[in-house]
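In what follows, a structure is listed as C-alpha cells, so that the remarks can point back to it.
By letter and in written order, the chains are A, B and C; residue numbering begins at 1 in each of them.
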Amino acid sequence: MTDARSSRGPRHAAETTPDSRGATDRDLTGTADYGHQTGTVDLTRLSAASLSELLHAREISSVEVTRAHLDRIAAVDGDVHAFLHVSRDAIDTAEGVDVLRRSGDQLGPLAGIPIAIKDVLCTLDMPSTAGSRILEGWIPPYDATVVRKLREAFLIPLGKTNMDEFAMGSSTEHSAFGPTHNPWDLDRIPGGSGGGSAAAVAAFESPLALGSDTGGSIRQPAAVTGSVGVKPTYGGVSRYGAIALASSLDQVGPVARTVIDAALLHDVIGGHDPRDSTSLRDAWPSFAAAARAGQLKRNLNGVKVGVVKELDAPGFQAGVHQRFHETLDLLASNGAEIIEVSAPNFEYAVAAYYLILPAEASSNLAKFDSVRFGLRVNPVGGGTVEDVMSATREAGFGDEVKRRVILGTYALSAGYYDAYYGSAQKVRTLIQRDFAAAFEQVDILVSPAAPTTAFKIGEKVNDPLAMYLNDVTTIPANLAGIPGMGLPMGLAPEDGLPTGLQIMAPARADARLYEHGAAIEALLEDSWGRTLISQAPELKVSK
Amino acid sequence: MSEITTDQVAHLANLARIALTPEEIDKLTGELSVIIDSIAKVSQVATADVPATSHPIPLTNVFRPDVIGDTLSQEEALSGAPEHDGSRFKVSAILGEEQ
Amino acid sequence: MAQPAELMDFDKAIELFEPVLGFEVHVELNTKTKMFSDAPNFFGGEPNTNVTPVDLGLPGSLPVVNEQAIKYSISLGLALGCEIRPSSRFARKNYFYPDLAKNYQISQYDEPIAFDGSVEVELADGRLFQIPIERAHMEEDAGKLTHVGGATGRIQGAEYSLVDYNRAGVPLVEIVTNIIYGAERDAPELAKAYVSTIRDIVRSLGISDAKMERGNLRCDANISLSPRGSGKLGTRTETKNVNSLRSVERAIRYEIQRQAAILAAGGTIIQETRHWHEDTGVTSAGRPKSDADDYRYFPEPDLLPVAPSLELIEELRAALPEAPAIRRRRLKEAWGFTDLEFQDVANSGLLVEIEETAAAGASAAQARKWWTGEIARLANAASVDASSLVSPADVAELIGLIESGELTDRLARQVLEGVVAGEGSPSAVVQSRGLAVVSDDGALIAAIDDALAAQPDVLDKIRDGKVQAAGAVIGAVMKAMKGTADAARVRELVLERAQQ
C-alpha cells in the first residue's frame, strides 16, 4: 500500500507495492519517456505530494496520472457515485501541461495533478448544478475564482462531485441525482454535503478535491470517509462562483488524503479576490511549508491543546468517544498540554445555525425563478409568471431545500425577525466570545469532527432534526469564522469505520492547523503503523 | 409546541414562491413546529446587551474603483435562459405590478 | 384604460381637508459602472449586453460596492443637509419580480448612509418652505420589462414580457422626506418645486443626469387628506410613474381632488399604489399595500459596513457646490432682476444656462430674454429641453452681435434658427445665410424709422399710389446718414415698409 507520508523521503512513493486489483495499474518500468526503473505503481494510490515529485522529475506524465484516475472513476464510480459529471477535456488538458513541462516551463507543485470539483462551484466547461434538479445541465458563463486559480496552477479538473442539494445536508442523500456511497461501506453515507468530494478522494478516484463548508460540509465527510478536509478562515478563500448557501457561513476549502496535500491545495486556492467583498487581504504564509514543518517535528511540545467540554458529549458514539480520548492521550504523551475549556454558549450553536442558514439560504435561493437560467416548469393550463415561478420551484427543489427555505422565510418574517434571526446573530457574538476566551488559554482546540461514524443510507433521511445534529461539533467554527480541519482519528472498534478529529485555530491562524494537524497525523499513523485510508476495503471494480 | 399553522406555512410558501401541495404543507407544518421548538431557545441568551454579529470576520469599507470591466456577451447572458427572443429573457404574463 | 374618477373642486377640497404629503425621489447616479458590478452604467444599448454575472444574479456571483457611488451618496446627503451615519450597511429587500435578477434588491434599511436633513424650497411667489428629509439611502435599480401583446403595451392584458437587465444594478439614491404638513393649497406647486430643487441639487453636484423623462429622477408621491379639525391622518396613496415636473403638480392636484370626493361621499381611501397617466391626466389603482408586503429585510451578508472617515466627509463637504437657495439669492442680486423676473427664470429651470451665458460675456437681462423667450418657445415647439437646443456660448455670441448692431432682434431669430438647425455658430450662420449685409440695412432701417416718425403720413400716401412721396423720406435718410447710404436701397426699404 502506498504510504501517504512518502514525501518524507525521496522516491518512497515509487517504491510502493502494486495494487492487486490491477485495473488502474500501470507499469512504469521501461517507460521510455521517463526511464523510471522502480517497478509497477498504482498512480491513484499516491498522494498529490508524491505525484508532484514524480511529475517534476518527469518520471511520470500528467496524461498518465490523469488517465489512471479516469480509469479508476470508470471502474468504481458506478458503485460510489462520487461524480455527477466527468470531464471530457481532462486528457487534453493534461497533455497541454505535459507539453509545458517538457518545454522547460517552471510549473507550480500541483501542476498536472487531477482534482475533483464540488458541483457547487461554477465551471465554464462543465455543468454546475449544486446537486439540484433546478440547475440540471446549467453551464455557467464564468469560472468560480477558485476554479480559475486551479486552471492557472495547471491542475487537471476531472469532473464535478455529488453533493446534497445546494449543500443542505450531512449525508449527500439530498442530492437530486441520487446518493453517493461511502467507499468504506457502500451501504453507508459519505457525509455531506460534500460527500462526493470526500468519497472521490477516499475511493482513489482523485488525489484532491474542492469542497465547501457551511456547517461542516468539508470536515464531517472527511471524518466519515477517513480523509482530510479543511474549512479555511472565513474570507481566506474566495466565494466568487461558489453557489451560495449561507453567505456568512460558506467557505471553500481543500479535500485530500493527507494534511500536506490539503495544504498544497489551500496554497493554490487561497488569497484575496477583489470579486468577493468578504475576502481577506492578508498575506498568507505557505500552508504546505507549515504542514511539512509539523510532519517533520512529529510532536506537540509546548502546544496547549484545548478540549471543548461541550463538544465532548456523552451522547456521541462510543467508538468516536474512545478514539478521541486515545488521541488526546497520544498528544499528551508527545508533548501537548491538554487543557479542558468550556464554551457555554455552544449549546445554542446548532439552534443559531439553523436560523441563520435557512434565513440566508431563503434569500440566496430566490434567484432560481426560471427566468435567466435553469429549469422552467409551466403549470398545467399555463399561468402567469408568478405561477410559473412557483411551479418551477415546487418541481425543482427537493424536500430539504423546501423545508429550509420555508423555515428561513419564517425566521425573517415581520414579527419574528428579532426573536429568531436577530437572536441567532447575538448567539453568534456569544460563540465568538467563547472562542476568544478559549484561545486565550490554548493554541488549538480539538473535538471529534462528527458525533458518529457513517450511518446507513436512509437511516436519518426522514428525521431532519437527527440529521441536523450531525454538525454539532463543526457548526461553531462556521458561526465564528475560524478555521477547522477534519482528519482521520482511527477506526471505531464497534463498526470498523473511520472516525475523525477536528482541530480548530483562531481566525487567520490556518497555518497553525496545518502545522499541528500534520504532526498529529504523523503521530497517529506512526501509532497505527500505516495510514488509515490504506485500511479501507477494496472496492469491486467494474470494467 | 410552536404555534405554526398550516395557514402560516401556506403564506410562507407563497412568499417564497413555492407551489407546495396540501400534503406538503401538512407535513412541513409538523416538521417546522418541531424544528422551531428546538431552535427557539436562541432568544434565551440573546439579551439586549449582546450585539448582533452579521459577519464573522469584521471588515469595513470594502470598495471597488469605478472602472469598467469585462461584460458578458449577449449570447453568454442568454445562454442559460429557458426562453428568450434573441436579445431579451422571455417570461409569461405578469400578474402583479412593480414594487 | 384608467377612467377619470369623480373629482371635487380643488378649492372646496382644501377647504374641507388638509393635504399631507410625503415624497420618495429616486436619483440614478451617473457613475461609470454599476452599484455592485463593473458593468458599464449605461442602459440605452443592445439589451443584455451591459451585464456581468452579478447583474444577472447568476448563481455564485457576488456584489462589490462602487466607491464612487458611496462618495456621490455622501455628497448628496450633505447637500440635503443630512447627517452622515458613521457606519451604515446594506440590507436585502426580498420580493419576487422578473426585473429583479436576484429576487432581492440590495438596499439600505435600518442604517441608511444619510439621515435627518432639510431642503429649502421656493414657491413661485418667492415664499420659502422647508422640506424635512428623513433619509437618503443607496440601492440598485432593476431591469427593464417590455410587455408584449394586449392593446396598450401595458402590463394588463399582455401575453408575455421581455426582460433586459442592462439597467439592473444601476446605482440609485432614494431620498425620503418626513411627513410634510402645512402645504395647504400650495401642495401641488410645492411638490413640483421640491422635485425641481432635488433636480437642481443633483445637477449642481454633477452626480446624475437628472432627466425625469429618462427615469434618471423618479418621484413617488404620497398623499393623504386629513379632515379639517379632526387631527387625524388620513389613509395615504402612493402615486408612481410621475415622469415630469408638470406631472408632479398635476398628479398631486388630481389625487387631492379624487380623495376629497371619496371622503366627502362617505367613502374610504384604499391604501394602494396608484399610477399616473400622463396622457389622460388621471391616476389608476395599482397594487394594494397590505401586511402581505413582507420584504424580510436582513443585513446583506455579502457586503460589509460602510464607515466613511471624518476626513472623507469633510473633504466632500468642502467640495459641495453652493446650495441652490443661496445661489439663487446671490444671482438675483448680481443680475439685478426684479422678483418677478427672477421667479420667471427660476421657474423656467434655465438658471444654469442663463448663468453660463452671462459668464460668456452677455448681459444677464439679454440672456434671460433669449432663454426664456425665443429659445424656450422653440424648445416647447419641439418638446425638448431648451438646454439641448443651443449652448450658452452661442447665445452669448448672438447677443453680442445684437448689441454691436450687426443684428436686429428679428434677424437674430433667423440666426438662432440656423444655429438650432446645426448650421454652426451665430457668426457662421450670419455668413452662410448671407445675413451679414442685413447689418447695413439695420442702420438704414433705424434712420428710415426716424424719418417716418417725423413724417407719419408718408406710408399712407405711398399705399395710395403716390410713390413719389417716398422721396421726402429718402432725402431725410440720406441727410441723416451723411450721404453714406445707398439711395436705391433706401427706396426699396421704404417701399417694402409701405407694403407691410
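What to note about this one:
By our rule, a residue touches a chain if its C-beta (ideal position, glycine included) is under 8 Å from a C-beta of that chain, and two chains touch if they have at least 3 such contacts.
Being a predicted model, the structure only gives us computed values, none of them experimental.
Overall, the chain located most centrally, as judged by its C-alpha mean against the mean of all protein C-alpha atoms, is B.
Each of A-B and B-C has its own count of C-beta contacts, and the greater count is at A-B. Taking the CA centroid of chain C as reference, the farthest chain centroid is that of A.
Averaged C-alpha coordinates put the centre of chain A at 58 Å from the centre of chain C. In terms of their C-alpha centroids, the spacing between chain A and chain B amounts to 26 Å.
If you average the CA atoms of chain B and of chain C, the two centres end up 38 Å from each other.
Touching two or more other chains at once are residues 53, 56, 58, 64-65, 96, 98, 103, 161, 163, 165, 294, 296, 301, 303-304 of chain C.
Multi-chain contact residues, meaning those touching two or more other chains, occur in chain B at positions 15, 17, 54-55, 59, 62, 64, 72, 77, 80, 89, 91-94, 96.
For chain A, the set of residues that touch two or more other chains comprises 138, 140-142, 248, 274, 277-278, 362, 366, 369, 371-373, 385-386, 389, 409, 413. Residues 15, 17, 54-55, 59-74, 77-78, 80, 85, 87-94, 96-99 of chain B are the ones touching chain C in the complex.
Chain contact summary for the complex, chain C toward chain B: residues 31-33, 37-40, 46-53, 56, 58, 64-70, 87, 89, 95-99, 103, 142, 145-147, 149, 155, 158-165, 240, 273, 275, 286-287, 293-294, 296, 299, 301, 303-308. Across the complex, chain A is touched by residues 53, 56-65, 92, 94, 96, 98, 101-104, 161, 163, 165, 291, 294, 296-298, 301-304 of chain C. By the touch rule above, chain B contacts chain A in their complex via residues 4, 8-9, 12-21, 24, 28, 31-32, 34-36, 38-47, 50-57, 59, 62, 64, 72, 76-77, 79-83, 89, 91-96. By the touch rule above, chain A contacts chain C in their complex via residues 121-122, 128, 130, 135, 138, 140-142, 144, 239-244, 246-248, 274-278, 359-360, 362-363, 366-369, 371-373, 385-386, 389, 409, 412-414, 417, 421.
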